[in-house]
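Starting off with a structure, shown below.
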Amino acid sequence: MSVATAERVIEFRDALREAMSEEMRKDKRVFLLGEEVAEYNGAYKVSKGMLDEFGAKRVIDTPISESGFSGMAIGAAMRGLRPIVEFMSWSFSLVAADPILNNAAKMLYMSGGQFGCPIVFRGNNGAGGQLASTHSWCVESMYANIPGLKMAIPYDAYDAKGLLKTAIQDDNPVFFLESERLLSTTCHVPEEEYTVPFGQAIVRRAGTDCTIISFGRPLHFCLKAAGELAKEGIECEVVDGRTIRPLDIDSMVESVRKTNACVIVDQSWSFASIGSEIAAQIHAICFDDLDNRVYRVHSDDVPTPYAHNLEQAYLPNARKICEAVRQATYNV
Amino acid sequence: MTNLLTIDMNMTNTDTNTAADMESIEIRKDQLQLTPAAVPDKGVLLGFLRQMLLIREFEVRTMQAYQNRLIGGFCHIYIGQEAIAVGTIAAVNPDDPIVLAYRDHGHALARGMDPKYCMAEMFGRIGGCAKGKGGSMHMFDADHYLYGGHGIVGAQTPLGAGLAFATKYEDEVINGGKSNHVTLCYMGDGALNQGCFYEAMNLASLQDLPVIFVLENNRYSMGTSIERGTSMAHDLRVKSEAHGIHHAIVDGKNVISTYQDFSSIADWCREESRPFFVEAQTYRYKGHSMSDPRKYRTREEEANEESKDCIDILENFLMEEHDVTQDSVKQMARQVKAQVLQAVEWAKNSPEAPIEELYTDVYTDVWGPYLGTSKPEMLRGEGSEQ
Amino acid sequence: MPIEITMPRLSDTMEVGTILHWHVKVGDEVSAGDLLADIETDKATMELQSFDDGCVEQLIVSEGNQVEVGTIIATLSEEGEVVSDTKEVIEVPAITQEVPAVTQKVSNTPQAAPTPTPPTGEQRTGQRVSPVARRLAEEHGIDLNSVQGSGPSGRIIKRDILQRIDTTSETTSAAQTTKVVSTDVVPSTVPVTPVNIAQPLAPTSPWQQERTEPLSNMRQIIAKRLVESKQTIPHYQVTMDFDMDPLLEMRKTLNEQLAVSGIKLSVNDFLVRCCALSMATNQEFNASFGGDCILYHGPVNVGIAIALPEERGGGLVVGTIRNADQKSLRTISQESSYLSKKARESGLAPDEMGDTTFTISNLGMFGVDNFTAIINPPNSAILAVGAAIEKPVVRNGELAVGHEMCATLSLDHRVIDGAMAAMYLQSLKELIENPASLLV
């Protein structure tokens, strides 16, 4: 039985759907709305089949109207419903900035504890591939600045399901950042019920010479880089933060205390970013454990270009990560 | 579905907005005919009068407290518009959700919030309805299904759609019955120019949401008259008809007719599970906020509007129709004043929030520097629906 | 260009300072005159104020860290200046680049040695150390000055310390070999000054050490300056006994009269005046060795050594009684008790302790009969005073009971010869034993 379970391998998008469907079966307050989530079966086929199972009252197609339907979902959440709002892309969340930031993230505070906002906003984040600047947003640095919201960035199908179930069960607004480029990736996802808690980082690869911290899709580049560097005798420890709010800085520090070197890989822009925040915290908490300053790998500080070669040059990649690790470990 | 000829006529005829004695509510007659509810009895009307006097006295003391620096930030005074909050809220059930813009003190009191919690909120004290975290623009009261004043113009309109979505979802999906609530979403004429209002109407219409967008048209969005800021200001019905939502005009200075018309509209929305757009015509006596010198309009215009005061109208009606005496009205005013002054005292004596409150209510759970959440004094022991 | 704020010199002997507390943080706007930091000097805690308007760009030296005078400790950006990206993380230099400059005011701070002080191993320039390397070195007792950095700009990094730990454990031989002075820092042609307080003379075995306490600023300065004094000044001592009965008698009478004014003269107050007056005829005692010259001082500033209580970290300071030869006993007494009290309670300001030309160290109150003191540079002499003891004395050929006090001069032979010392003591004896002249 356990052998059979261990062999179950599914896609990232299926894992997301399983998380939503399982929670919707358990709790009638949970419903899904967004562009093309119902009849079209999801722009990225994440919600495929859900309309059939749950009906049009719980799997709701919305017009292209992010501000309106985000605000509507927040109003519903104030009543205690638990909406899942799918943004086809987080790039489109910008037109919903007022409701998601001003209302969802602050409602509990502004109402003095009277009205919470148990809501999940989820969708693709980051460069999809030659989508140019307006459609390639990495919103994590911008939105993580705001207290009152939580933020999770899954790395694989296992975490996608476990973290999304935690997000749906959470009584606070959760910004759930997926990646179009990961939706078709697969990994083992157990059949039985599980969740992945927020605020618990995980070591994706153990090492002694340099800590690499990242979230979501860039972790794949980090692991590739770690493989390359191992050939040079540099053993990297790759830490997946999993959630940005809450941030498991303790686990990151623990790793840095061991390796004395740190590289942060953050696919958003460098200025006032997740990367700069973690670097600042590490400098503040374990300065005396550092053998070098913290290095950071980000997307270049320009709008995302369309041209394939320029986009490749712009994004974080294994080569840039290797370079940063060599610098951080004085292997240049 | 609509009569093109009629639309053309309405769009060119600027005289159709005149509020007058009506036999039926002015709705697109080719679409819907509703009969106003009966005039309420004397007891109910005396209740309206008391509430309107309370709101006015409360707002006077609010201005005074603001000038004495007991209140900070932005503060918007409701004087002149009292009939709308009182008349509309009386027309719906106590558990029908309401959500507000930032000129929200009057509605909170009309909904039943004790004035002391409202005043303490503005004083930034722990006894405030939101523990002093929201201030004048953000009155919340879970016990009275008041889902907040909201400071960003128009931001409450999608929330209003969402509250209606939620009651409908609760009634139909969770409880397996028929939708049986109606949400009141108040807005000023400034919100007519915010995009999210049109998104909210579109969604409300598509989803058949029982929400009434109550436009309190006081003719100025901050310092800009509606004619200068809103296209088709002379015929606002076009704003909702574009979304297939009915529009009606009520006389926002007459609490009796507001109540009569609105009762009927609300019943229809509840029954049909459909949205509505109600334009209540009124006038804001004071400036947009406490710092507004009102240079954009004449004192003559103000005097003219104040001569048609909503409280006077109701008082006259009660004296003429129900033999209510001047003295009894004065006595009521004195009682109300004492109640408000008591509220001011209570608010003054309410302590400042302990510094730990800085870190409560950010998240419901405890992590990092955050301390979880707790209900304000207003709700303690009484329970709320959440 | 950012405005650089350097560790200021806040006392005459200050060579290093510790940032006790920053009153500003990065990004703060400051105006000229604003308080920036509290700085612990060798003797006092001082306030550092801003001279410029600007925005705090970097605080380079963090609280609790000690750097040499002149080290850049913070930068301000001028108005309108964009705060630069801190691509270059500035390491806190342990030691500054320059030897403290020899001041032109020769009268007060002459050079202590005839030849220019060469850079020593300790005063290594521009040293950069990574935080973990610094910590590891401290944990393993490795002198960072002896490590060659392999990082960028010679930064000492973890690898360098780990290699050192490896080599040290391999060479189990004599302790001397562990002290490696890298030749690129101290060229072999430059003589190494033997002053090195960082190095204990003999290694201690682990079982001897119950606990280790880092040297306080004051302890460091005492160690450094007195080693320097004892090693560079050719000391010798001359001792004399003094009949104290007349002075004690007069002191008793005066104190009875002065009691109403709340003044109580101490024996030391008399000695300050005696020593100051004796300078008039023995000018070498109010002079300093200047390398190729003798520097004669104008004012007679007598220093009095003040021991500090344990709760203030112990140690001692020298308070200055300026122009002591021109001050009455009453004034000297008032100043002296003020200085002692202030030194013990809150610490002395720089102008209350600098510029001495002669020092008195008195352990009489602790029952000490006789001791010798180390000269307090740039003084040429110091008087070590014991207690006035009741004992059998021979007076006019007869045995009697009287009070005698033993005092020992320590002298810089480069300035003062033995006979001169004897003459000074004679002059002192004349005054002490005939104290009435002190009153005029």
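Each chain gets a letter, A, B and C, in the order it is written, and its residues are counted from 1.
In the analysis below, a residue touches a chain if its C-beta (ideal position, glycine included) is under 8 Å from a C-beta of that chain, and two chains touch if they have at least 3 such contacts.
Only a predicted model underlies this, so the values are computations on that prediction, with no experimental measurement involved.
Ranked by the number of C-beta pairs in contact, the top chain pair here is A-B. With centres computed from Cα atoms alone, the innermost chain of the structure is A. When chain centres are set by their Cα atoms, the one at the greatest distance from chain A is C. Centroids built from CA atoms put chain B at 40 Å from chain A. Centroids built from CA atoms put chain C at 77 Å from chain B. Centre-to-centre, using mean CA coordinates, chain A is 60 Å away from chain C. Contact with two or more other chains is made by no residue of chain C. Residue ranges of chain B in contact with chain A, taken from their complex: 97, 99, 128-134, 138, 140-142, 147-148, 150, 152, 155, 157-167, 169-170, 172-174, 195-196, 198-200, 202-203, 206-207, 360-365, 367-368, 373-376, 379, 384-386. Those residues of chain A whose C-beta lies close enough to touch chain B in the complex are 28-29, 31, 57-58, 60, 62-63, 65, 67-81, 98-99, 102-103, 107-116, 147-148, 150, 171-172, 199, 246. Put simply, chain A touches chain C in their complex at residues 260, 287-293, 330. Those residues of chain C lying in contact with chain A across their complex are 89, 130-135, 150-152, 157-159.
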